[in-house]
Amino acid sequence: MGLYPIFQDVHVMIFIGFGFLMTFLKKYGFSSVGINLLIAALGLQWGILLQGFWHMESNHVYNIIESMINADFSTAAVLISFGAVLGKTSPVQMLILTMFEISIFVCNEHLVVNVLKASDTGASMTIHAFGAYFGLAVARILYRPGLKNGHPKEGSVYHSDLFAMIGTLFLWLFWPSFNSAIAKSAEDQQRAIMNTYFSLAACTVTTFAFSILVEHRGKLDMVHIQNATLAGGVAVGSCADLNILPVGALLIGSTAGIISVIGYKYLSPMLAKLKIQDTCGVHNLHGLPGLLGGIASIIAAAVQVNSNISVGMQAAALGCSIAIALVGGAFTGLILSLPFLGQPPDQNCYDDSVYWEIPIEGGAPLEDNTDYEEDPNKLTVEA
Amino acid sequence: MGLYPIFQDVHVMIFIGFGFLMTFLKKYGFSSVGINLLIAALGLQWGILLQGFWHMESNHVYNIIESMINADFSTAAVLISFGAVLGKTSPVQMLILTMFEISIFVCNEHLVVNVLKASDTGASMTIHAFGAYFGLAVARILYRPGLKNGHPKEGSVYHSDLFAMIGTLFLWLFWPSFNSAIAKSAEDQQRAIMNTYFSLAACTVTTFAFSILVEHRGKLDMVHIQNATLAGGVAVGSCADLNILPVGALLIGSTAGIISVIGYKYLSPMLAKLKIQDTCGVHNLHGLPGLLGGIASIIAAAVQVNSNISVGMQAAALGCSIAIALVGGAFTGLILSLPFLGQPPDQNCYDDSVYWEIPIEGGAPLEDNTDYEEDPNKLTVEA
Amino acid sequence: MGLYPIFQDVHVMIFIGFGFLMTFLKKYGFSSVGINLLIAALGLQWGILLQGFWHMESNHVYNIIESMINADFSTAAVLISFGAVLGKTSPVQMLILTMFEISIFVCNEHLVVNVLKASDTGASMTIHAFGAYFGLAVARILYRPGLKNGHPKEGSVYHSDLFAMIGTLFLWLFWPSFNSAIAKSAEDQQRAIMNTYFSLAACTVTTFAFSILVEHRGKLDMVHIQNATLAGGVAVGSCADLNILPVGALLIGSTAGIISVIGYKYLSPMLAKLKIQDTCGVHNLHGLPGLLGGIASIIAAAVQVNSNISVGMQAAALGCSIAIALVGGAFTGLILSLPFLGQPPDQNCYDDSVYWEIPIEGGAPLEDNTDYEEDPNKLTVEA
């Protein structure tokens, strides 16, 4: 039972966290939460199968709960990539992407953890940077010139932004579980929990401050609050179980919040000009903070907070995660651009009604939403 | 503390899971989530009281957390029945149904577990099939000819379907806890978690595939995704702690997804013609998959995966659960059809405003929702 | 790992529970859930810092998870106060309030627990009564004559009430964890869980009954269901770990539900006349039930359910919690009324658009929400 509550926290992050975070699009909520469920349900089966492959040589009796956590982890990378192409791909394309990305993910993870023996407990590099750059490479290959000037449905409405906050908050709350789930000892686990907790708290405060600073008229932007508040969890990942002291965690978290907000404000428009249309801004939430996490672990190795990690191996882990993600993503993108996979035309992007039966608002045509406004006394008054 | 996190998972399923799953109706969300809370809060007190009755002869020192889990379980059966009559009963009727159903539930459970000594760890038979057929019997007795051709408010809107997905996902996520909560040993518990996890994952993938297959124009139906994805958790219940291997769990889950989707598409309209109006389709989510779960446990006994279960006792458990549910439900339905219990007239079905103060949309009459579209510079421009 | 699942439950209450409970306002959802996140993220850092101050003299090696629970607790008091002034303060005002209130909270807690050595495991007095009366004092100082006759945006819409129920239910579900988190022994913890569970269940049933009784036309009021159902958790706090028997818990819970509903119906309008505008009715959910909790603990001491608590010390704890809250709140309110803190003018109260970029409903002007109603065959028919 030991790890089961931790597994459940991670499980909630995958299905509720990622699923609802993406419901911010006004007419793409069914796909966000529904295709997220489909990808994750397929991904975890595929992930468990592939893990079995690498574990074959080792002793067969490994913990099933640990295996389920690792399967959820591999699924997380796919869901991050999903964010980059959200609204522009068909369910069939996503299923193919899931199979390819998890296969490549498992190889990269094997390389980083078992060959390079780098430290990446909270998986800043192997999940977040990997998933983000994989998704960005796919998005680049699937570039749509027709969406260069935006799309009328690529935006939120008031209530869709509140649904997205359900996702944000469950990710925020359970991130300490995510970063500590595969820690090696109870002591490491506790340190990972504490560091992640501090990093997220600091990141949240800086995100609010910078969101006001970068916006005209000094208002808060919901996109920043939904996303950049989580960058602290991403960035502290690689160092989560290291003895970086609360001050180290606070520093990493604050920096992550700043670069994430700046990324959303200034970098995303630049990426769009480079023909990379990143729907959810995964580069700002997972890419840059993942990169920061890798760099932080290199610095941690340089100042020798822990004798088991080395500068070279951490740098190699970061480099190979990003390189494999870019190459793998580009390759997968080419496969996804095959014409018979049901990719929606530009005008049907960000629109559930292409893949889902959508309820007709108001039910029967003559029944509208104003019903409740009727005063029961009204008829008498009129009579 | 051992079982407490598991209890909390089950607790979330009862109040958030069942509560929000039923908010799919466009104008019945307050009742779905509110009356669900009322039923559950009453039901668990009544359940604990009645358990004490059966435990009286035994040693008094039993675990309170276990008792709370069992109380939540008895409440689950009532909430399943609630789904069958959702929108067509008054709160008073539901309170009476709660008292009767839990009393009958506790007797049936005592019979299955202590007399027949059948295996039903995840309660496919004693909770899911029981709750569904009890509710269907009540729905048959309370048949409303006036709703034969549907009702303008019996449907969803876009956002109500998203609220329902909150319920679906929390049920999906914590189902391994539900099916393992009363497992006898740590090993059984781990097996129940793993089998349920695999069954749900397989069920989800088949549900998406079959939802597209049965729908005209090949679109996904949100009703299937909200419900049939959970059928794998129901169906694997009776076998959850048995050594059915991952392949057995995947097989049960896939079959459950298929029969549930087919049930929603083809069987529900037939049931409606048999004068059984099943609002949430509990027959497809709990009835048929519960039946499948019982049959799977009979097969498991036949192929002797476990020496402690016998074909005869499993079959007897399934038969008596359904028989007692049908008779008990019909009896309870007759009591509920007494005229002074506030049953709403046909035109007020599926409508919160009969029992709840409903906020007037838009606030004060002259304040409408278009406020935010006003550009702050607009007045200056106009001036 | 022992306390970590309990910590996570409390953590969910703080961020999801309080955050979504306050989204009931139709146009203040971004601020409710967003500023709640900001306050909590700042508050827990400040709370951990201040705890370190009191713990300095003691042995340094204290449990970090326990410390995180205590930090969340201090944040809870601030969020309760936030409810009293919701919609009428700026984010900057709330940040200042957070710093002041937590500082005063930590002093009061030190006094109650370490000096008076009173029993307040579930913190009815030190968190709930304290937070409520602190917030009411602030609200009194910041009284707005312009809102005497209400405000068009001070109300809910159908879906905002459903979002609020997410908050209600997570608070309801995890309250046993809240009340047992700092219990001294495993036995005390189990008792606290059980007592809170019974109190909440009883409170819920009485809340529904009294909501119908006090409303004209005998309808349920969503405000009562969202709030008064939780009063049982507040009121049983001080006695949670005492041996009050299930009947004691049921009695406390039922009483709490009754006084909370009556408070919302009759007392809140009276408070408004006393120039205390309590947006969320925290007096009814936290103030009165907190007071009841303190009185219940005095009675428990009087009838000697536990030899470690004394009538005098419990009464002193209650008195000093309320007195310090009122004085501290009034003082903080005076500071918050300094003119340069961005307090919104009356007409901008309860309105997110003052502090947030708000999405324009319907996206591009010509894209409206009726899209989905278009039958794909319609064009052919028309042609």
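Letters are used for the chains, namely A, B and C, taken in the order the chains are written, and counting of residues starts over at 1 for each.
FYI, a contact is a pair of C-beta atoms (placed from the backbone, for glycine too) under 8 Å apart; a residue touches a chain by one contact, two chains touch by 3 or more.
Just so you know, these numbers come straight off a predicted model, no measurement behind them.
Peer 1: With touch defined as above, tell me whether chain A and chain C contact each other through largely the same residue numbers, more than half shared, or through different ones.
Peer 2: different
Peer 1: Rounded to the nearest 5 degrees, what angle rotates chain B onto chain C on CA?
Peer 2: 120
Peer 1: Using mean CA coordinates as chain centres, what's the chain A-chain C distance in Å?
Peer 2: Chain centroid spacing, chain A to chain C, equals 31 Å.
Peer 1: Hunt down the residues of chain B that sit against at least two other chains at once, touch-wise.
Peer 2: Where chain B meets two or more other chains at a single residue, that happens at 5, 27, 158-159, 166, 358-362, 372.
Peer 1: State the interface residues of chain B toward chain C in the complex, per the touch definition above.
Peer 2: Within the complex, chain B contacts chain C at residues 1, 4-5, 8, 11-12, 15-16, 19-20, 23, 27, 29-30, 33-34, 37-38, 41-42, 44-45, 64-65, 68, 91, 158-159, 163, 166, 355-364, 366-367, 369-373.
Peer 1: For the complex, which residues does chain C have touching chain B?
Peer 2: Result: residues 2, 5-6, 9, 26-27, 152-153, 155-162, 165-166, 169-170, 172-174, 177, 186, 189-190, 193-194, 197-198, 200-202, 204-205, 208, 215, 219-222, 225, 229, 250, 353, 358-361, 372 of chain C touch chain B.
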